[in-house]
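You will see subunit A twice below: alongside subunit B first, and alongside subunit C after that.
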Partner chain A sequence: MIAFIIRRLLQTVIVLIMVSLIVFSILQVLPGDPARTLLGPEASPEQVEQIREELGLNRSLPVQYFTWVGHAIQGDLGKSIAFREDVTGIIGEHLPKTIYISILSMVLAIIIGVPAGIIAAIKRGGKIDSLISVVANFGMAVPAFWLAVLCIYFFSLKLGWFPVQGYTSPFEDLWLSTQQVIMPVICLAFAALASFARQTRSAMLEVIMQDFTRTARSKGLKEGTIIIKHTLKNAIIPVITLVGLQVRNIVGSTIFIEQVFNIPGMGRLVVQSIFNQDFVVVQGCVLVIAIIVALTNLLIDISYGYADPRIRIK
Partner chain B sequence: MTKRKSKFLYLNAMIGLIIAVILSGCSVSKSTTSDSPSSLQNQEDLGKPQYGGLLKISSPIEPANLGNPPEQVGSGFLHMMTPVLETLGKFDEKGVMQPLLAEKWETDPQAKTITYYLKKGIKFHDGTDFNAEAVKWNLELFQKAKRGEVNGINSIDVVDESTVRVNLEKWNSSLNNALCFWIQMISPTAYEKNGKDWAAIHPVGTGAFMYDNWERGVTIKYKKNENYWQKGLPYLDGIEYKIISDPMTASAAFQQREVDASFYLPVDRVLELEKNDQYKVVTLQTGLGNRENGLIPNSGNPDSPWANLKVREALAYAIDRKTIVEKVLKGGYEVTDQWGPMTGSSYNKDVKKFEFNPEKAKKLLAEAGYPNGFKTKLISWPGLQHESLPPVYQSYLKEVGIDAEVVPVDTARMYDLIGTEWDGLMYFDVITDPDLPLYMERYLSKNAKLYVNIDHPEKVEELISNGKAATDPETKQQTNLELQKAAFEENHMFFPLAVTTMPIVMYPNIQDSGFNETYGNVYSPEKTWLSK
Partner chain C sequence: MTTEIIASEKVVEQEVENTSNTLRFFRVFLARKTVVASLAIILIMIICAIFAPLIAPFDPYKQDYTQVLADPSLAHPLGTDLVGRDVLSRIIYGSQAALLVGIVSVAIASVIGIILGLFSGYVGGLIDAIIMRAMDALMAIPPIILAVVFVAAFGGGLTNVIITLGLSLVPTYARLMRGQVLAIRESDFIVAQELMGSTNLRNMIKHVLPNCISPLIVLITLNFGVAILAEAGLSFLGLGIVPPKAAWGSMINDGYKYLLSNPILSFAPGMAVVLVVVAFNIVGDALRDALDPRLKGTL
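Up next is the complex of A and B:
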């Protein structure tokens, strides 16, 4: 197992190096000089050059890249071009907010999606199965930002149930924080929830057909025991795989959701930084997001072994 | 407890928690999300200013710099700086500069000096005295940054503790307004001690409010300055700017009373909200601080068709301003054909009108040697709000035979083109104040760092120079009017389309704010109060 983890960690490092190279290259070829944008049209060429010097923009691209990577390894992601502050600090302010709403969304998606899938499989062909399938298909088809706009219209403007926008730390004001995160969490969770329901239903149906399920029934075991102890345990592997994929989707969707609900998380930071041509912040954000997604996938891989000992033996 | 039971209980607990969270949210009422004015004192008498309350304003954008004015770009963030940073003077409703931190000033065109007599006893928020030394230091900070506002200053003398004299290279009638309005005073001590990067995010001024907190992309918070030099002011406990970049969210947040006023909402949102009697929309009608947009040709390039005056005149006839403003911009803008709004004090009613007349435009093009039109470029800036304009311009030009290729460029490239040269027509978007010598010099003169690729007629240069040298308001006003004629009737330096009226949407209980009453983007936070 340790060898497996080390091997996966090395693969993760290679992925991160590739991500950093691609992001750095893409941002370099984008049009526009950040120093000029920062100073405005009236700045003299000398002033622009001075800022370029201060920000290290006049050095060669390989030097810029390796300097950035070298510092990033030490936890220093550089200095924001627009705000002249440490990127590590800026990300440190924004990241917890994204993690908070992402975790809530994932938990919500799992605790509703998985049981819904189980119920749909048990009641296969019935009305409940049809209803769950329709809702799941709707969830997968509807873009999160559209759902967010609808939610604001109905639940905030028409019904006045929730605040339109904003974010408050749960440690600062739990009540207000709860009110503010409900809509974003639901919007983020909806697509994932739908995927979990569909995947669980499909995996459960496959396992329900297996001989050991029939044997369990013929032994006279209770239906609940069969479903939870025997069927679900065997059907859970593809669902665990899906958790890894959904982490990526949820983090990706935060870019839209944070923008619509005005949550100062990583997604909104990336959007603002792109508009500000603050590529140092964009690079830092993408790297951190890549690390989170890579580590999550690593954890998912490790958890396979616990869910199914056969994988560990292999 | 068995393992199975504990799992069952855990699952139930999780589901219960989610349901509780959802139900708890369901009980939220509108009033809990807004600042109820119930905290205000003395609500009986609504005509009398009341103390207390927090004013919340939304803005889609935030500055990179709040407290280092020489590095501030444009006027878009002035409203965020005004609560903390003050200036020597302030425009009144008629566009006349009135003293603020200065007690008075004396101008002497013969001696080429402006002497400022400062109010005494004022301190910056960090306790530093606001005095002649501080004013000199602030002016020099602008000089070091090579800002246009301080061009032409020879030297600055501290006459005594509260008197500072600015010595000019030659007399400039516009300089006093520029110095009084644009030089926001910051504490020299705080800047010297902490550096410019610190100063940029920690504004330390003399204003009615003090910097409290700035959470990037979320809020900028100001708290009441209990020791404000204007006794009895301010009325508010604080001001909070909420940065809401999505226009739909900003509009919804306003409707839900999560903010009391909203700046820079898109025009369609403003028009929608304007239909509701609950809200108030205030537009800028003073002619001060409007932004004007139009098209500027590369007339300074002798190889360009736009170097020909008849071609530029044809442009004035080729585009239907009224229809574009009504049908494309749809409100929030007013048609103009000169520098600044048609209601502005320096608008010249005697300048010839160039009403939409495509036939006349074609005739002029033929006279200019382009009977079949020509190909040109139309450089647009995707960062602008009115992105729908370039294809509209394109179709009008096509009607008269000018084949314009729309070339979108990013902000940095646009800045480069403005400062160097461009090909064809370029989108034009500037602040157009009634002080023509000051602002036209900045954008349209030979000395300008901007739009350098245009023809600079001698007459315009001479009038700008005369306007600056004017020693009395009457002469200056006459020069303003002559400048309009020279620029837009005789030389067609650029094609003016419209000025934005910068609508601000607000709740009617915001009193005496001065929103859009003087200069666009500047208001009176010290006098603002919230009624019931």
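Up next is the complex of A and C:
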């Protein structure tokens, strides 16, 4: 087990090094000279040159890369050009909001999606099964931002149940915060929920068809015991794998949801910084998001390496 | 839905045990009405994209200031937008962008991914490790964020959106192909071929590729939907296809400003996205069930 954890940890470190290389090289081609953006159009060439010197922009690319990584490891992601602040500080302000709505969405997707998949598998072929399949099919095809637009129209503008947009910290005003967060969380969770329902259903069906389920049934065990003790335990592993993939998708979708609902999180920060040509912030955001996704995947891998000894050997 | 498939498969198996595989494929594939309906939606979309100038009732770019934000009527079944352009015509023209992005980006992704995966699985060792970790790294960044950053770096517009989405879809294909290569390498018939003196490279291309066709077809079909969704997302954020060119995503965003008075402006293009993506997903699922029942749940 320890060897497995160390191996996965090393893999994650390599992946993160690759991520940093990708992020660094993509942003080398971003339009606009950061020094020019910082100083404005009236600055003289000498001033621009001086700032380039200060920012280290006239050094060779490998030097720039290692300086950037070196600083990043110490928690320094550079200075934002548009906000004139430390990127680490800006991210620290935006990140908790994204994490908060992402975790809520993930929990919602799992506690509804997995039971829905189980019910569909048990009642396969029935009306409930086809209903769940139809909802899941649409869930995977509906763009999160369009769902958000629909929700705002029906639940905010027409029914007036929820505020149209905005974000309040749950520590400040829990009631208002919950009201504001309900629609974004549902929109974020919907596609993931559909995937969980589908994956759980097919994993359950696969296990139900196996010999040991038949044995359990012929022993005279109750159907409920079979489902919970035998089928679910085996079917849950592919579902856990899906959590890793969905972390990625949910975090990715925050880019739309935060835009539509005006939530000052990471997704909105990325889009805003792209329009501001604030490449240092974009770089930092993508790196932080990738680290979070990679670490969650590491945790998930370790936890199911723990649950299923077969995985450790691979 | 799967049960219906299982049930229909049983019937088919009993009936046509002696007939060809092709027949079995079509009978299983077309067994459900939803699949036929989905194929019809895809066909309509393709026809709309190709014959847009003939089908669309109006010029999608012609602004008519006497008809600004008009409600749906006989002349304009889905109303008109802020500058009096016919929404239905713009949706019909929008299918061109969606279809083009779907086809070309998936083609780019699958070709690069297949080559990388074959090569990686075949060569093994350090090169394999480097390629696969690079794929892991690409997968650690959510695809839509990767696409947004790519587009920011290289600029928006149709061509860049296509290249960007193509590249962000590569890892799935590379992983699939590599997995298949590794699995097939161990199988008896490849070992037998090697014993008979067939070279490795020839083996790979001749035997591995045909064996991967089924999962590839399924993945490609499902990825059409993914690409169309992503394109809509990029255009919605204003980072994709540049106005005034008609794209469903940017139409949703434009209409969003008039949500209270003219909700149909955002509803209609979104509906187009949903219908097309659902259709591709259903066809992908049906293909998987029909091509190879063993693949169920693996993709």
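One rule holds for everything that comes next: the second predicted complex is superposed on the first by the 282 of 314 C-alpha atoms of A that agree within 3 Å, B and C clash if a C-alpha of one lies under 4 Å from a C-alpha of the other, contacts with A are read in each partner's own complex, and residues count from 1 in each chain.
Convention: a residue touches a chain if its C-beta (ideal position, glycine included) is under 8 Å from a C-beta of that chain, and two chains touch if they have at least 3 such contacts.
Remember, predicted model here, so these are calculated numbers, not experimental data.
When the two structures are aligned on the shared chain, A:Arg248 is found in touch with subunit C, with no touch to subunit B.
Once the two complexes are overlaid on the shared chain, A:Thr88 sits clear of subunit B and of subunit C alike. Of the two partner chains, subunit B and subunit C are each touched by A:Gln259.
In the overlay built on the shared chain, the residue A:Phe138 is in contact with subunit C alone; subunit B does not reach it. Using the contact criterion defined above for the overlaid structures, shared-chain residue A:Leu157 touches subunit B and also reaches subunit C.
With both structures placed on the common chain, the touch criterion links A:Ser303 to neither subunit B nor subunit C.
Of the two partner chains placed by superposition, only subunit B is touched by A:Gln179; subunit C is not. Once the two complexes are overlaid on the shared chain, A:Leu108 sits against subunit B while remaining clear of subunit C.
Of the two partner chains placed by superposition, A:Thr168 touches none, neither subunit B nor subunit C. Judged by the document's definition of touching, subunit A residues 31, 149, 152-153, 157, 259-260, 271 lie at the interface with subunit B and also at the interface with subunit C.
Listed in rising order, the residues of subunit A touching subunit B in the complex are 31-34, 36-42, 44, 47, 82-85, 90, 93-94, 107-108, 111-112, 115, 149, 152-153, 156-157, 160-167, 175, 178-179, 182, 228, 259-262, 264, 268-269, 271-272, 276-277. Across the interface of their complex, subunit C is touched by residues 11, 14-16, 18-19, 21-23, 26-27, 29-31, 124-125, 129-130, 133, 137-138, 140-143, 145-146, 149-150, 152-153, 157, 199, 201-203, 205-206, 238, 248-249, 251-253, 255-256, 259-260, 267, 270-271, 274, 282, 286, 289-290, 293-294, 297 of subunit A.
The residues of subunit B lying in touch with subunit A in their complex are 4, 7, 11, 14-15, 18, 21-22, 24-30, 33, 64, 71, 73-74, 146, 148, 197, 200-201, 215-218, 242-246, 248-249, 252-253, 255-256, 258, 409-416, 418-419, 449-450.
Partner subunit A is touched in their complex by these residues of subunit C: 1-4, 7, 133-134, 136-145, 148-150, 152-155, 225, 229, 232-233, 236-237, 239, 249, 252, 256, 259-260, 263, 266-267, 270, 273-274, 277-278, 281-282, 296-297.
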